[in-house]
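What follows is a pair of complexes built around chain A, which joins chain B in one and chain C in the other.
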Partner chain A sequence: MAEEVKPTKVIDARGSFCPGPLMELIKGYKQAKVGDVISLYSSDNGTKVDAPAWIKKSGNELIGVYDRDGYVEIVLKKVR
Partner chain B sequence: MYSQKRALILGDGAAGTILANKLRFLTNKNELEIVVIGNSKKHYFKPDGVQIPFGLLDYRKSVKNSEFLFNAGVKYIQDEVVRIDVDQRFVTVKSGKSYSYDYLAIATGDRLTPEDVPGYEGEAKHFYNLQAALSLKEDLAKFNGGDIVIGQASPEIQCPPAPYEFTFLLDHYFRKRGIRNKINIHYTYPLNRVFTMPQVAVFVDKLFQERGIITHTMFNVETVDPKNKVVNSLEGESVKYDMLILVPPHRGQKVITDSGLAGESGYIDVDRHKLNYGKYDDVFVIGDATNLPVSKAGAAAHFQSGYLSHHIASEVGGAVYEDDYNGECACYTITGVNEAISLWFSYEKNAKANFKSKLDYIFKWTSADTYFSGMVRGIM
Partner chain C sequence: MAEKMSLLLVSGTSDKLMAGAIIASGAVANDMEVDIFVSFWGLMQFKKNGSGKMTLSYDGKGMEQEVMKKMMEKKIPSFMDMLRQAKEVGNVKVYGCAMFADLMDLKKEDLDPIIDEIIGVGKFVAMAKDSKMTLFI
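On to the complex of A and B.
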């Protein structure tokens, strides 16, 4: 559960169409350190598919995808 | 009796110049002194950098002396800001002077940091400043066949559509030279589609397919290997090239990080609707210097300057400005010679691309003229 893993960094991309939540995530990921837990908030439903796909392809760890009140939270751990 | 206040604007690019000139129209000199500090000497209209490498525009019409672009009543100081102290409310410049302010607007844009990607320097080419665009023109003229890779070296860049615009013109350029069949054009993009806005991505991807452009998505550049002539992604893919055209990574200005206003990225977190920095209601940030989730675009800087000029002018006049900035941005993007699409979006509204037109191309092609004669002057 996300509640148990305290994110090192929260990226609030709610209400953002350009550059968009996934771009915000990659940007934040690049600035983070290996071992950091990053939490992404997005109000765009597409992120539910896009973000896990990218996390998998980039060899990072998807901790969870959670439906919150009016937005989705995606939590990942930077492992490389 | 008036007590004159001072608006200090840092940066003499698109955002700083438009803000100063708009603010001058909205306030009188007795109530507000407007001071701009910038270190640019020449004001270059960067969007033309997409067309200059193909000889489609004469670069001389894309450049003006910065000092001539300010309206009467704006004080312009050519110097470099070396320290910003928002607690003590002053700014220091390289020549040693300090300036206090009642309102501070930071509009220092961002900078290119090719050193952030191992192997980039001395190998990759780009078109993100005038010098690079002119030198790319010579390199392209000498290129007669092989693989060209075009992409961006970091997720965040100025003008997100510029790499796809450039790719379309690259295709056109080699067709015109009659050697398109000898060249593979590879386009890389950080996301799992060819552009960040999903609906626009579908439109652009269709045109890419029609024109035989090879796409590599989910490709975030990690390193360039000049010896083996490959570019590697953090997702583990490698693409071979004979010519590599990569938009360099960007960061905010060093003075921003040195002054403690942002971390290593150099981009300042601001309130998305009021554009002020942190708890400070007298410090604002506009244009590419912000960490806002909007495109780093002159068009966004234009909307932000419009909002902020009214906000400051209202306060100077003793009123509260209730309106909010809503992330709005509108721009024309090229999909070939004689064709372009217009995009309009905000925080809440996703852009759509439904058709391309010659009229949109003409707007784009003449945009330096509109920019210098109307937009920068604060008239539009």
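On to the complex of A and C.
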């Protein structure tokens, strides 16, 4: 696992189902500033595929996808 | 200019309305603007003070209880809440069908405020014509 970056913002969407976590991520992203590191927690399996795809497509930096205990943590850096 | 998606919702069963709301969410996640035209049984579900009762289309006959139970357990939001969230994230407009509204004597104030406007099919088709994709759900 790569060295982990400390997030400036954590979005806890555990317990929410597709498309909830992705929508929460986009809402949080819109409120964030360029340079912010956002961490999304999700217990929904679709998010593991959807969120990284959205992060790349939106031109942001995917820092990592980490399997945690019963959920997945997806970390991105807002670059635009 | 942002790409557009048009959705046509006619059915009033929860599964189809939910599919529409989920696809609209996927569209805004892809930076698309969404125009949703709602008619017939779909529009009936947008009436204020509606029953909010969940129903499944014919494909789901016999599975209602199982599906409803899971949805309650997992606290799946209603299609209306999903649409509200999609509206918060992106540019989603919901239009009521003027023909059906006239038929049932429904005014805009009889419908949930999520309905932006009541429009005729001509205007919807004009929107669909300019959109990248149109789905009938």
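The rule we apply is simple: the second predicted complex is superposed on the first by the 74 of 80 C-alpha atoms of A that agree within 3 Å, B and C clash if a C-alpha of one lies under 4 Å from a C-alpha of the other, contacts with A are read in each partner's own complex, and residues count from 1 in each chain.
Heads up, the rule we're going with is that a contact is a pair of C-beta atoms (placed from the backbone, for glycine too) under 8 Å apart; a residue touches a chain by one contact, two chains touch by 3 or more.
Since this is a predicted model, take the numbers as computed values, not measurements.
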Superpose on chain A as described above, then tell me if chain B and chain C fit or clash. clash
If you stack the two complexes on chain A, which partner ends up touching A:Val5: first (chain B), second (chain C), both, or neither? neither
Have a look at where A:Lys27 lands relative to chain B and chain C in the superposition and call it first, second, both or neither. both
Partner, of chain C and chain B, that touches more residues belonging to chain A: B
A:Trp54 in the overlay: touching chain B, chain C, both, or neither? Say first, second, both or neither. both
Does the superposition put A:Gly46 against chain B (first), chain C (second), both, or neither? first
Thinking of the overlay built on chain A, is A:Val79 touched by chain B (first), by chain C (second), by both, or by neither? neither
Tell me the contact category for A:Phe17 with respect to chain B and chain C: first, second, both or neither. both
Can you list the residues of chain A that touch chain B in one structure and chain C in the other? 15, 17-20, 22-23, 26-27, 30, 50, 54, 57-58
Of all residues in chain A, those that touch chain B in their complex: 13, 15-20, 22-24, 26-27, 30-31, 46, 50, 53-54, 57-59, 80
Write out the stretch or stretches of chain A touching chain C in their complex. 15, 17-20, 22-23, 26-27, 30, 50, 54, 57-58
Which bits of chain B are touching chain A when the two form their complex? 154-156, 160, 190-192, 196-198, 218, 220, 234-236, 263-265, 272, 293-295, 327, 329, 345-351
Help me check something: in the complex, which residues belonging to chain C touch chain A? 22, 25-26, 28-31, 74-77, 82, 85-86, 88-89
